[in-house]
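Below: one structure in structure tokens.
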């Protein structure tokens, strides 16, 4: 349980700090003979990348993935796929001001308490830079899951909600705006809000909704490894996530059984889908959908109190570029983690 | 990943169907020399037991735990602790009416799709009876975690919410009423509501809040096995759970960084605790708190449409005793799962 | 790594001490729909059982297996199969004489050092009684592996060796004598030897050879989980085992490449099989064969020096029935462990 | 069980093919605060390296290790340690002649059967080049295990045996000759033999003995994960290994209990040590020693028959440099794997 691996049959192990030489990972268990679409991997990486629009952090990460093994003449061989992504932004002096300071609501303090040592540069391992490796693996997992459609989108920024249910949305529009909200009107409001927040040197939270379509019935293990339990763990392992709900979610807790039960049609589908495509921990063939809550990023460009390693409160202010709202960039990460969970169960259930 | 084990160092494996001969489990990794308080285990079992009050299911489960190994002269030996709980309610004929029917929002259909066979009696393995084994293991985990205080309580039933924050509550009152809500006035309303629902043969959802106090800083692994990710998975693996949030949760997604950041006091504690006691996936020594959403139980004593194995819609009606609100009985299960997660990290971090 | 589970996809977890209430286990991951042949399980249990002939220990263990879950109407359901075997021989007073004594070459001393506590009765968890659970699971694994033939036999007792290669033997004769050696003449000498040893209150070691036939090519993972590495671990985990070799084994270490290489026939089989059916950690479709060394059992009915818990050397003498040669009873255990390893890889490789 | 990870708490995951861009690995679970001795890592790498003497393969592998993460200012941080080793010998044309040929006693055939695709260049993943990553991780594990002494040496080449027991040897002399045999006279004979074999374009097998000293009592899990079972698996996972024995080993199978039992001294040590430092799967504080059998390397520079992918037998001859005896270079690999096993148990038992 050393904590840097995810999955059982399709298994990702990652390494790397924000300002070390490189980050990278190993994908173990990818079946042989899969023709890798490198372009598709690049596309996913570009969606996660900082600097892609004016509402996300401007930090530069070219994020070129180098594959070192497991792919031969364009196809997977069944051997572990090792990859690295160089860090090009290694300026330790940028971070000298936080060397002896625990920033509020960051992982500085807990890392120090747990390990007695930390790579303070840019948050080290606790930086969201680590999620780049998840996106690489998720992009390959997506290629395994050809028939499954995975769509995530920004469903709220602060108190601006996309109220329409996913069925009323055109997923093709998700990438049409910088905030990744498929409703143009709501997207415009969200972008406006984020710009205001950014100017104030502040940050704002939001939610991502994800829909998994064409998932066959039968995925998920019925007791401890319920499909939604693994999806929940996957999402909660993403930096800044505070909550997860699927199907009717927290609203379902207000309902009565006679309203909540999903009645069958004769073909085994259900007329409603408050279950969210999962019953007893196992997919039933209906759409799976869930929602993930992201807190506002802790790094703000405002003066605030921090604790130094001598136990004194000091004023500090974040420098340089900050990420006013992590949610748009979290969209591809949510998709990647969903793909990893599904790929694992696919292989376990011999569906590939 | 066969799915019937939970934990890594303190590891529970369970088995058993609702109407088989017995359910049971194996606790592997419990440290030696722990003096077992059997009375305390019984108390936890009694809290989970059906028939304990007039607002929960009246099905009779004496739930006597027989320990078969791993305990010698009252103390754990470091060997695996095997235990069984006999099923006393094995009347297959009670379930003849569901043999060829998939009940709506149950696991009948998904089990059949996944396995091609199912023990239909009382839901078989998908029955919440399985959680009795979790409570046994959780009760032992609690005994390992002597200094930690684990308190769960019912925080909503339907739309009746306990609005007070946990800091304003007297946890000693949790067991003072049948619904396990520490505020007597709110508890009375909840009980009233459940009685109405029960009379209608209906069911209702709700939420459980859980607070973990005196957890030392340093528990949790920073990337995929963040402490809250494991807690989330643990909770989402409980039957009927639809959502999980910790700290500021979904509300945090509406906030701005300047409001959400928890500023330090000079002793390393924080003045606020929107982080919920966990930063970067690692406990920081503050209270950990989270909320779990339960949907209404699918079994209702009302006529509803179901699908039979021939692909026809048929009318069916649940028989006998039903559980109008699973939430009060879920309280000890939430605590048990929290104890299992903490015990695993405790041992991993050499805190015992 | 709590140590009481074996396997990954077809996974056995066991519990139980020699003189506790019962031993038992959980088989997690057995596919659904397998019709269980309970008679075949009994047969395997009878082969392992003490008291089956006059050359093995006369301790009585009826060894009736009670299945508690995972089997419905005679077929597996895909749910975990829980089972128990009662201990009928719980007379703690028989063991009072070893309560404060560490017997030489037993696990008494190491358990005490590791755990600070031990169930001294009959060796507790370190007793070979634990292997009964392996035989139960192995018997079910064998039923999964219908097309594979698994044959183990006694290939030496002390310095009496069965010199013929396995190809020259009639496996149908293995069960025709008490020592489980398929060559009647050698068997007679072995039995004679064991009787002499028994009369002297002594014990003797020996080897078991095991042959796996009709194993398809492709089983085994090429790096750390090579097929022979898992077989080796499985065998070395059996009580009293001191060595493992497969194919040419230690003899192969004396050879030259030009003699050792197995040349191909045109159908992909090999003309010789010094590789032992495994190349690069993966089965090649040829017979797999290996040999396992068992030391003489430590319990002898002779006066010998032991250490007591006060650090004094004391004379002690084993009482009652002892097992002069564990090898004949180890034969079914070796087969069971081989079946567990193969079943795991079968499921992993989607061969079932 | 994807097969490219080893260990549970101190966990190594490796990747890379012989002629891909690089090989590498991730060490997850290394405790924080360990000052890394990079020089010592280089020393171990040099011991494994081809071309180090005239009796091993002359293939050039500079084997420079690049650490990418997990080490900050010279110390481990508790984060995963990612590393790569570039392959400098990527000349695919060297291997064109084996593209469509399965070499005898190589993994070519089994990889093709299992995966339907293979990187044929230099054996791809099945090349012993992969063991370089084990040596890196083993070198770090050794630094964790400061008080433990780990010494392996060549104990036989073909039929030339080092007959002296390890107690009669001076481990300081292991590195004094190219064959890594601490007895100069026997070493000279071994070297002579290997030179003869090399000139004939042939290869020869041998054994490595390994001694672990100052291992505290209490390491090992008593049932499936016995210390010697894990050591055995570790050794059997090394390329070309055919057998493993510890303590009395296969000789022990010829003995009687009265001779084999290790009688205690009053301090808890034993007067003899046929147990090999492990009783009931748990270390007892005495020296642990074991022996590993290596077959002759399959690549010989002699004409021999091979199978092509069209099912025809063809004559082929290995080209270039071959490794006449893998045993001297296996010595540091055996030590590395022993260190990995011990480090895992050390951490599990909270000894670091």
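A, B, C and D are the chain letters, set down in written order, and residue numbers restart from 1 in every chain.
We take it that a residue touches a chain if its C-beta (ideal position, glycine included) is under 8 Å from a C-beta of that chain, and two chains touch if they have at least 3 such contacts.
In UniProt terms, the chains line up like this: A, B, C, D = Chorismate synthase.
For clarity, every value in this text was computed on a predicted model and none was experimentally measured.
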> If every chain is reduced to the average of its C-alpha atoms, which one ends up farthest from chain B?
Replying inline: D
> Taking contacts as defined above, which has more of them, B-C or C-D?
Replying inline: C-D
>> Using mean CA coordinates as chain centres, what's the gap between chain C and chain D in Å?
In response: 27
> Once you find the CA centre of chain B and the CA centre of chain C, what distance in Å lies between them?
Replying inline: 39
> Where does chain A touch two or more other chains at once, residue-wise?
Replying inline: 1-5, 8-9, 14, 79, 114, 125, 222
>> Applying the document's contact rule, which stretches of chain B touch chain C when the two form their complex?
In response: 1-5, 8-11, 13-17, 20-26, 28-29, 32-33, 66-70, 72, 75, 77-82, 84, 114-119, 124-125
> Which chain C residues qualify as touching chain D in the complex?
Replying inline: 1-6, 8-9, 14, 102, 104-107, 109-111, 113-114, 125-126, 130, 156, 158-159, 197, 202-207, 217-218, 220-226, 228-230, 232-234, 236-237, 242-250, 252-258, 260-268, 270, 274-276, 278-285, 293-300, 302, 304-307, 311-313, 344, 348-349
